[in-house]
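Here come two complexes built around chain A, the first alongside chain B, the second alongside chain C.
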Partner chain A sequence: MSASQSAVRSRAEAVKVSRTFDWLILFTLFFVVLGGYHIHYMLTGGDWDFWTDWKDRRLWVTVAPIVSITFPAAVQACLWYRYRLPFGAVVCILGLLLGEWINRYLNFWGWTYFPVNFCFPSNLFPGAIVLDAVLLLSGSLTVTAVVGGLAYGLLFYPGNWPIIAPLHVPVEYNGMMMTLADLQGYHYVRTGTPEYIRMVEKGTLRTFGKDVAPVSAFFSGFVSIIIYFLWHFFGKWFAQTTFVSSEDF
Partner chain B sequence: MAATTESVKADAAEAPLLNVRNLVLGSLVYVLFYGWVRWYEGVYGWSAGLDSFAPEFETYWMNFLYIEFVLEVSTAGILWGYIWKTRDRKVLSITPREELRRHFTHWVWLVCYAWAIYYGASYFTEQDGTWHQTIVRDTDFTPSHIIEFYLSYPIYIITGGAAFLYAKTRLPAYQNGLSLMYLVSVVGPFMILPNVGLNEWGHTFWFMEELFVAPLHYGFVFFGWAALGVLGVVNTEVAALSKLLKKDLA
Partner chain C sequence: MKILKDKVAKLSFVALLITMTAAMFYAPTASAHGEKSQAAFMRMRTIHWFDLNWSKDEVAVNDTMTLTGKFYVFQGWPETVDKPEVSFLNVGIPGPVFIRAGSWIGGQLVPRSVSLELGETYEFKVLLKARRPGDWHVHAMMNVQGGGPIIGPGKWVTVTGSMSNFVNPVTTLTGETIDLEHYNLDNTYFWHGLWYAIGLLWVAYWARKPLFIPRSIAVESGKANTLITALDRKVTLGFAVGTIAIVAASMGSTNDKYPITTPLQAGLLRGMKTIELPVATVKVKVEDATYRVPGRAMQMTLTLTNNGDSAVRLGEFNTAGVRFLDPAVSEDESGYPDDLLAEEGLTVSDNSPLAPGQSRTVQVTASDAAWEVYRLADLIYDPDSRFAGLLFFYDASGNRQMVTVDAPLIPTFI
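Right after this comes the complex of A and B.
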């Protein structure tokens, strides 16, 4: 074959070109997925993620895994099933957490002075690692959805417990019992957010007392299984390479 | 294949496959420009951005809005017009090496799109949340909105449109029609901008709080999903590059 018929001059150049494209693709994939995932997550679970007084044992535990398993499932559907890359979930969470931490530090704290120990993001890594590990070991959509999805929901609260526990100690303030996180919320008034404590501390789930967090996590795991299936197929759809006729537009 | 004397001479004369200078400069444009924007917000958000009826708000924020409108429309017209006007009318006749070079240039555009999407969808969108919790809103054109909706979103639209047009006008791999996922990954995030109309209408007439998870915001969520179209773009590119490199990597 003559050099003019080939895109590269040597095998070494072909390898170098291939590696360079790997980095360009990874960078672009990482930041575009980060952007889409972050806007999705902040507008479906964001308020629970922004403030410690929203990080309760009921709705935070329920909502955060359900809305955050979406993009990991979709990206796994492309990276694993096309390239056998077993890090779709972790790469999504790395992107989301990077975007969130930059924002909480430079903007929540740096622009509007909410302290970082009031507005740090939730930790989603344990569930993502398990999700990738289950897919790697099983190679099965069904097993990953059922075992990985359930684990994703169940692991969320334990994965965040070491961070949030010091803020859940009870304090008495003006004759009322509340958590330290609630007290942070009273002191840092937010001009556009409803008082969360009045929304969450009602309903019959409250009567189960100490069992609230495990019940919420189990329910979250159940819905996460369904959402995983759904978003796996979304991911497959988004990964297609179809061309449509210009005349259709 | 062997590197002949002729091909070595050709190597020395031709442009590099990846123009690293363009890649670095393109990235720096976004990082430095948005660094300056963030400085501007920090200074003039507090000193001139709290009361939309104050004269200094008009000076520092509304004028910023008017200027960015003009610059964005001009930039889009000139950039997209230039890429279209200078299109390759014999795109299917280029050599494999030229095709590879163009794929690299295309990826410089996609890296720029990645920066633009990050700043628009992640950095400035969540930033808006914290400004809403800090001020009492008295206008649709808050300092954070002037940056988020009317600066960072148009910039990713312009960048995404340029990347799409570059691929369509210069790469053989995109001559079979319109790449559906490329359209989704550019047009979907574009639709977030018109969705601002719904958002502002809702906040103005009906829902004054800025609960981020309120259903009023779900339009942004739906169109944000379109960013996943990048998976299809990557797959299309990998297929095209495999075709170009496969025999040399075997």
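Right after this comes the complex of A and C.
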């Protein structure tokens, strides 16, 4: 076989090779995204995602969507513009959550024995599914950023509420009131995470009383729109092929 | 010659690989908390822990023990460390091998950060419930914002039993008693599992059709719009609407199930109760202080003046949790950790009772291997080469008074 001849000799063979490539690329993409996104999210979301006593109605709600919409936006750009595939956001969250669960189970529980009900990751799926859906239905970067980005921020807290609400039941402990999540943070000793570094319930949204979570979610959604634009362009730039010379082939 | 060199190189490489592989079979447990690595001046001039007591040396899973004692917040707190205006009483243990069932300063529960005052002494207590079997080094510890963890003395405690038997019952204000060790776990797994399955379904829907090469060819040839079918749009709409519906319904049902929830609690506790120690009637002036590197000994020239009404003797010098005792005056009966206790480590040139109104200049030597073992001798490499500590004087009736010392330290190398 010369270099100019095709490696496949029939349409069936071509389809088979193409599918093999599909799985190879998808597999590789999944784990590359898992690694990169996981590190990014651990560095930027960090403790807010690690511990239940950091999952508050102000800062967790605000920070987590903003720092987690990054990779979904970039991977969406690559998969949409090059392949018209609308699962960039969800495939990112699948990778991230698999990595997070492996980390929480093997490291947090397996090595240091923090109970999993204290250190489970945040649920990012609802926002990611809607983000992908808006991209496909609109086919527009701007609409996806504005509608999808906003929805990504807005759906975060209600998407997690069924998981964290049981931990926000109050308890009286030695004369003080706290939530079960606070009590977890107090009981399960973290020598390197003293109470004062918890960034929870800080801010000036006091005029909204107890209904501060929706306001934080809206703010998070607005900033997510901006971050979506930024990272979408990163993804688009990385997905270009202009730096690959045709002479190489 | 070249062949010989190649062989040597090859064998060396193999030997290196074998050595590295063999190293994997020796992985000792890391039990330390870095207490010896912390800058000596940090340990000597910030929080002085004393009268520490670990109630048990061995405790079974689910049983409790206490760590009690006092700490003096040093008046001469170093400038290079933030003041303890936001601090947290912690314990230095390797993760949650115990749970902290309670911690108190001056009788007040301190689950949150507290503000401490320089020059004050506080009494503390930490109640620990054993969770994981093993031998654990249990330290007193104070985290200071801007200063880091200031770790105090530690003692080995053995936890026996099985972690699978550990329970952590808590009764909520809604009247439900739960086991916090496993509470909400099934619910967490359920929701994460459900959403992960929905995410996989979404990707599987697209992955059932050819993905990258044919679609790339279609996009490159301007036929991108043909890749999205009407069915795709309907399915996508179904996923979007379904997602929002699940979120809304699950939030509603959760609110019905847990009608009473409160936000996370946070805040700084101020006005912690201090303890009043007997007023020190002995005045101590540090004339000079040197550290003799070869002898692992610190020598102080002190001028002592007794302004009280009973004769006193110097019984103990305590710095960074290391206790140097003069056995003729003071003995430890608390089971203090051996490595931090120099039972005969304090020598005073004239330690006869100092009568009321009398003044005397004495040479005090605190010598023990602990200076090296606990790397206190590294003080001479610190940015603020001063030493500090607590001196305990006793009268004939056993009454104790505490005096702090704080002065420059000059090393001698010969």
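Criterion: the second predicted complex is superposed on the first by the 227 of 249 C-alpha atoms of A that agree within 3 Å, B and C clash if a C-alpha of one lies under 4 Å from a C-alpha of the other, contacts with A are read in each partner's own complex, and residues count from 1 in each chain.
Heads up, the rule we're going with is that contacts are C-beta pairs under 8 Å (C-beta built on N, C-alpha and C of every residue); 3 or more make two chains touch, one makes a residue touch a chain.
This structure is a prediction, so every number in the text was calculated from the model and none was measured.
> So, does A:P194 touch the first partner chain B, the second partner chain C, both, or neither?
In the superposed model, A:P194 contacts both chain B and chain C.
> Name the contact category of A:L43: first (chain B only), second (chain C only), both, or neither.
first
> For A:L180, select first, second, both or neither according to whether it touches chain B, chain C, the two together, or no partner.
second
> Scan A:R82 for contacts with chain B and chain C and give back first, second, both or neither.
A:R82: touches chain B and chain C.
> Mind working out whether A:V32 is in touch with chain B, chain C, both or neither, as first, second, both or neither?
First partner only, chain B.
> Between chain B (first) and chain C (second), which, if any, makes contact with A:Q240: first, second, both or neither?
first
> Which chain A residues are contacted by chain C in one complex and by chain B in the other?
Shared contact residues on chain A (touching chain B in one complex, chain C in the other): 15, 18, 21, 25, 82, 112, 114, 190-192, 194.
> Within the complex, which stretch of chain C touches chain A?
33, 86-88, 90-102, 109, 111-113, 131-132, 141, 143, 145, 149, 163, 168, 170-174, 176, 178, 180-185, 187-188, 191-192, 195-196, 198-200, 202-203, 206-207, 210-216, 218-219, 224, 227-228, 232-233, 236-237, 239-240, 243-244, 246-248, 250-251, 253-255, 257-258, 260-266, 268
> Over in the complex, which chain A residues touch chain B? Could you list them?
Touch residues, chain A against chain B: 1-11, 13-15, 17-18, 20-21, 24-25, 27-40, 42-48, 50, 63, 71, 74-75, 78, 82, 99-100, 102-103, 106-108, 110-112, 114, 119, 190-194, 234-235, 238-246, 248-249.
> Would you mind writing out the residues of chain B in touch with chain A in their complex?
1-4, 6-8, 10-11, 17-18, 38, 41-42, 45, 95-97, 99-100, 103-104, 107, 110-111, 113-115, 117-118, 120-123, 125-127, 129-137, 176-181, 183-185, 189, 192, 208-213, 217-218, 220-221, 224-232, 234-239, 241, 244-245, 247-249
> List the residues on chain A that touch chain C in their complex, please.
Residues 15, 18-19, 21-22, 25-26, 53, 55-57, 81-87, 90-91, 93-94, 97, 101, 112-117, 120-121, 123, 125-126, 128-130, 132-134, 136-137, 139, 155, 158-159, 161-163, 165-184, 186-192, 194-198, 200-202, 210.
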